[in-house]
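Heads up, the next two complexes both have chain A, just with different partners, chain B and then chain C.
Up next, the complex of A and B:
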């Protein structure tokens, strides 16, 4: 069974209908309540007036009977007084009264004892006639057994000296009639001419007659009439048990009933009125009124149920109709509202379907112009907009996915631009390098690079301001520019300057790059570097950590006129250089605390003599332990290399110094040939060595001493048995043959330049060459493994 | 260094004898310049050539460029393995017609 409140709440039609029915019920209640109150008053009023009228009529009728009795009696009065001399005429008069008034029961014309003694009458004389269903019997009723002059009807008139109605009484004249008839007597004193009382004329009227008259009054089916005498005795009452034997007060003696007692007293006082009281277990209206001068009082008792019975039935009927009507109303309204709301329900269903993502769900066609129709139309419009929006969203999402995928590719490309193979120089014993970059979530702008050229280690580390694609692009551009610029330049300051100038062009977005570029001459350990606003590297050597002094230069891409100066440092064998970006020192934990330089030094001091890879991994681990779950905000890039140059154990060293003249070339070739012979080289190798040295020396003669300048060239040849080192030293103008562009040997004859082959051949013939300018001398070293 | 130039009909043969180092290249430059005018077939006979520097290669390339301009043909004949190696390194092997 459903929860009824839940059941009602689920349906708008039920709710609406219930409200309507509720208000209708209230209105009906008020209207009907008012109507019923008014009709109750009207019914009561009507009952009162009807009962009063009935009572008046009854009293009037009873009075007329009483009047009749009194009149009949009064009319005979004078006859008696006139004919006192003829006692027998009294019988005639008595009989005549009855004959003239058949309603009367009996009539006695009774005289004082021995009143007619002089007329030979005895002690008793009472002319009595009674009516037995139309037969009149006249007799003299007084005798020794019935001494009438002691009777109430006789005595009261005599004593009160005025006409008087007796209390009803049972006629017990056994001589005449053995049935006991309840009668009331009207007694009037008879007086002679002198006004002396001589007897009483009493006229009886059967109370049953009166009773019938009164009882006939029945304004309502269950109403009844009653009459009480002067003592309160019931003389008319539907209950025979109460009749004559009980007074109106009888019951109040057993059960205290002040209302009833009051009524009794009021009636006895001869008052007229209406009272509401409880009688015989039901609420009644009692209307009462005295009967003339008799001292009797008549009352009509009307049960309330009779008076308001019709009204109550009507009320029940109306209530029943209203209830049925309200139920019908509820059902009909439910149906109507439900019918009217049908499109809304369908709309709700469809909206639910649409809400599940089926946007193409067709809405019900509806030509209604009411609110539901408007809602349907609005909903349709919304659905259209939503579909368009979803379409746009989908394409936007697809675009975004494409962009994201492209970004990812871009990121990969960017990362692939960095050197990835470690160890990078496995064949070399003098340099061990490792670098790592932990990119942040976004595509970042950190960069590092390194390569060996002509026995020089080029390395750089940098950080592009900002994040995302712009930073990544600037990073890529910077990296390319660096590689390009350093390919023909060994001065880091010059390279940085070139890169700076290019980067400044078209830098409309105020991005900048901090960069540290270093060139380490491996044979000498001479480090030349230039920092463009980048964090100074750390040098780990001999158990200490020191900072490589860096001039506070501006970062790249800010000022094109900026002149960068090269700095120098002699890197001791066994030193490790540690480079990093601010992603390391500014790595933040959840408390926004930075990793900081102290922690970097702490980590480094614990692994000072480890290989670069172990150092970087240790620092990285330290950062992870510090940062923990906090999101990495910036790229973390580190580069470290350890410089361990080997000793060159010379077993052969030859030297020749030539003046700067091409004519000395054969001399040079001869010198090389002799050295080669000492080394046990064959003709081919000898030729190769001759060619390489000749090309360099000729270049020096042509370019280090231009315009026929005088000078000398010294050629040293050394060997440790495995490696041959040939060093060409001159004091001419700076001339670095390693910066010569490599000849393109794939060009056709027409396209090929005439020159440029010399240095190219040297590079081809030797393992490596190295140029240094030291103390205003050009020093070019050629290295070749011979065994 | 010696250069012997012989003419047989349309074929001019220049026999290069000795080491063609930088100095030698300067010395033979005038003789070699004359060969630029050859419009038939120029044979550079290198059977006796034992060494060549970049200056020598430069002369070869100059002749080659001139031959293309003149519509002449150059044949390099009989280069030793070491010089062939230099020709390989410098890409000259592709520029010249080589004969053993």
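Up next, the complex of A and C:
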């Protein structure tokens, strides 16, 4: 059997029923306890009164027998006194008493020794009649062997001088072997007319008579009656061992029993009462009462088990019924509660099923209105809510998945916006560039870009505040703006300013962008740049790492009036410029430790002379090793390029300076022709060169100098035998012809803006052109491969 | 009316048909622990061992022990010393062949809760069969002037309140009174042995005539009886069983408790106060004292000497 407490605890119905049964038991106990205490008292009282009544009745009946004997004796008294002169009449009287009273056993009319001496009677004279089953025998009983005047029945009356009952005694009839009868005698002194004692009249009664009467008293099945004489001897007792042989004190002599001794004394004193004591090994109630003036005492012994037998049986029965009732109660209540709780159990089961994920589990369809019904309904509502919630969750999850997939597409688009082809300028030996972006999560806000225009490397790196779609959008916008703005402007500060103004206009979400934009003039290594709050790039050159000085400008999209200034730096050949976003320095490991500038420098110093791609990969590896499994918190974007301009080995260098007078244009043509000739160029190329230079120079002559101011223009031609470089230098107003829009050739010559068509032509004729303004001079270089 | 108070036996059979060898012993009273030693000797075969054929026959109402002795129906009986002296003084020479009692057992018990010695002229019960010689002497000597009421053989007169006091044997009536719920104390109980009347009681007697012809038989009976008593002293509970057997056979109205108390007291009385031993001898000083007292108070015509009582 399993642990009973466990067994009970497992079931609400058992627990509940047990409580009910427990309280019922308590109530029963109290009620029954009270009832039984009361009824015990009542039973006891009833027993006492019943036994007392029985005893009284018995004593009355015995007394009537005694009275009968006494009356019979008293009635003869006067006859004896009157006929003392006729001794033989005594025989008649004694016989008549017996004949008139068949209940009597015998009668002696006995006289003092020698009382009738004068009537020739001897020492003995006692007229005795006894009743032997209706036959009366009369005789003279005194003789030498039976000196009746020493007998108790004779002497007691004489000595006490009053009628008296003798102690019962055994009368042995020698004729009947082994017979023995217990006899009691009522003795009365006989006196002559002088009042002198002359003898005793005694009438006997068989105690069996009394005994039967007394023994018949049986208020309870095991109760019994007893009678003791004045010496305590049992004259009526159911136990033959005790009857006549023992006194009420006998057993107390060997086994101390004060209660019994006290009872004996009380009975001997002729008291009447009731006592509780142990007799024959059981608790008894003893009711006792004296028998008239005999000195005897009758008692009824009622075993307690008898008196309270019915009560005890009732008690046991009630106890049995209560126990059975409680058990039944428990079982019935268990069933009822169990039945009542069935929906709850079903609900519990179904809730369990629901808990396992079967949300469509049907709940018990119950129209109960009690707590269980309420619970079922509430549970049903909960289930409905849960299902709805789960539906919503599912659709939300689906939506999220859609969004995520769209974000992924956005991310791809975003990444696709960035240059992806590396190396980007494989045909060029002067620049080796590599860039990478590792988005943190979803779409990021980092950006980088680069392109070559007119021998100038445009590059930028930036970081949009925040993450996700808004950042990505801003990034895309920024990137587009940069492309657009830088397409006709080579000054990074101006480009940035333009971009800033545009971004500020639409910035309702307080986003901002840090950006660094640089323009490297490849022929000269002249780097012009502008930083809008972005981290300063690092310069790796000649075994040292230095930081490119950057003004602390505000990031973009904050202040539209912000004026950015360009900065310049001469990039030495062999230098590597390393640009990054804060995703690099702020990359965090699991201990929230940042990668930091020192580690960046440490990584860089180990690969200073490597190609940009290797440098970036190394730094990336370093970051991975540092961050390990920690989630990437920010985009990590890096861009590096190495500047290695090749030597231009001049084999030819010619120069001509002309005043700004159109009349000198033929000189220019001649000069070009002579140089072309020297280089061995054919006529077509010579014509192309002449046309391109003339276009530029005429333009300078016409517009470079203000009206009335005399100016010059110098033309330099250099060649390494493979490439031809023609440089037009003037000190006029700053003018960058490369920024002119490409000519709209659909317009007539008169409608086109000035210079527009010219520069278009130049671009067509030459491989590339490059404008620089150095020391207040406009320097335009035109390059063409001739062989 | 055939009334036999407590004497309830019917063993009287034709008495004179006994063979010569048969030795009939009749105790003075009905079967009780007072005679335990003889029952033991009979039951344990001590008499048989001694080579004598003993029969124990109790007295009846119509045939007292002394009557049986006189009729030569019994060869020996028990008597108190004072009784024996009276009989010898009456002309029947007796011989004490075994003395069992070494102390006097007689007491006076007062009913009134007072010292019997202060109850001058009181009605005092006395056995009708003739014990109590010493009490009569004492009553006279101490001037108590008791009125002697003779009773048959029980304490009913006393219990009924018909008498003021009663004589009692410390082994018999005394315990009957105790059984009747009577509470004893030193004040109401007068013990003769403590007041200069310590005269031995029970002994075994036979007529001198018979004795002279059967000395060897007498000696054997005495020795075996003594052996019986000694065994009884050592085995009181088994002795009690034997006593109860005789009690039942003789239909004596008594009980085991009573007999146990009696046996203990009888055995106690057999121990001499001075020597502390079970001596089984007649003490000449006690004989002399009893004889002198009884002569003085006219209960004996002549002195009965120790020599008259003893064997040679």
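We adopt the following convention: the second predicted complex is superposed on the first by the 636 of 787 C-alpha atoms of A that agree within 3 Å, B and C clash if a C-alpha of one lies under 4 Å from a C-alpha of the other, contacts with A are read in each partner's own complex, and residues count from 1 in each chain.
Following the convention adopted for this analysis, a residue touches a chain if its C-beta (ideal position, glycine included) is under 8 Å from a C-beta of that chain, and two chains touch if they have at least 3 such contacts.
Just so it is clear, the structure is predicted and the values come from calculations on it, not from any experiment.
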One more residue to check, A:189. First (chain B), second (chain C), both or neither? neither
Per the overlay, which chain contacts more chain A residues, chain B or chain C? C
Does chain B (first) or chain C (second) touch A:760, or do both, or does neither? first
Given the touch rule stated above, what does A:246 touch, chain B (first), chain C (second), both, or neither? second
Going by the contact rule set out at the top, does A:687 touch chain B (first), chain C (second), both, or neither? first
In the overlaid three-chain picture, which partner chain does A:265 touch, first (chain B) or second (chain C), both, or neither? second
Looking at the overlay, what does A:231 touch: chain B (first), chain C (second), both, or neither? second
Touching A:163, do we find chain B (first), chain C (second), both, or neither? neither
In the superposed view, which residues of chain A touch chain B and also chain C? none
Of all residues in chain B, those that touch chain A in their complex: 19, 21-23, 26, 50-55, 57-58, 61-62, 64-65, 68, 81-82, 85-86, 89-91, 95
What does chain A use to touch chain B in their complex? 662-663, 665-666, 669, 683-684, 687-688, 690-691, 694-695, 698, 743, 745-750, 752, 754-755, 757-758, 760-761, 764-765
As the complex stands, chain C meets chain A at residues 1-6, 8, 10, 61-62, 123, 128, 149-152, 154-157, 159-163, 176, 178-181, 251, 253-255, 257-258, 260-261
Residues of chain A touching chain C in the complex: 106, 108, 126, 128, 130, 139, 141, 145-148, 150-152, 155-156, 159-160, 164, 166-167, 169-175, 177-178, 180, 230-233, 241, 244-251, 253-254, 261, 264-265, 268, 295
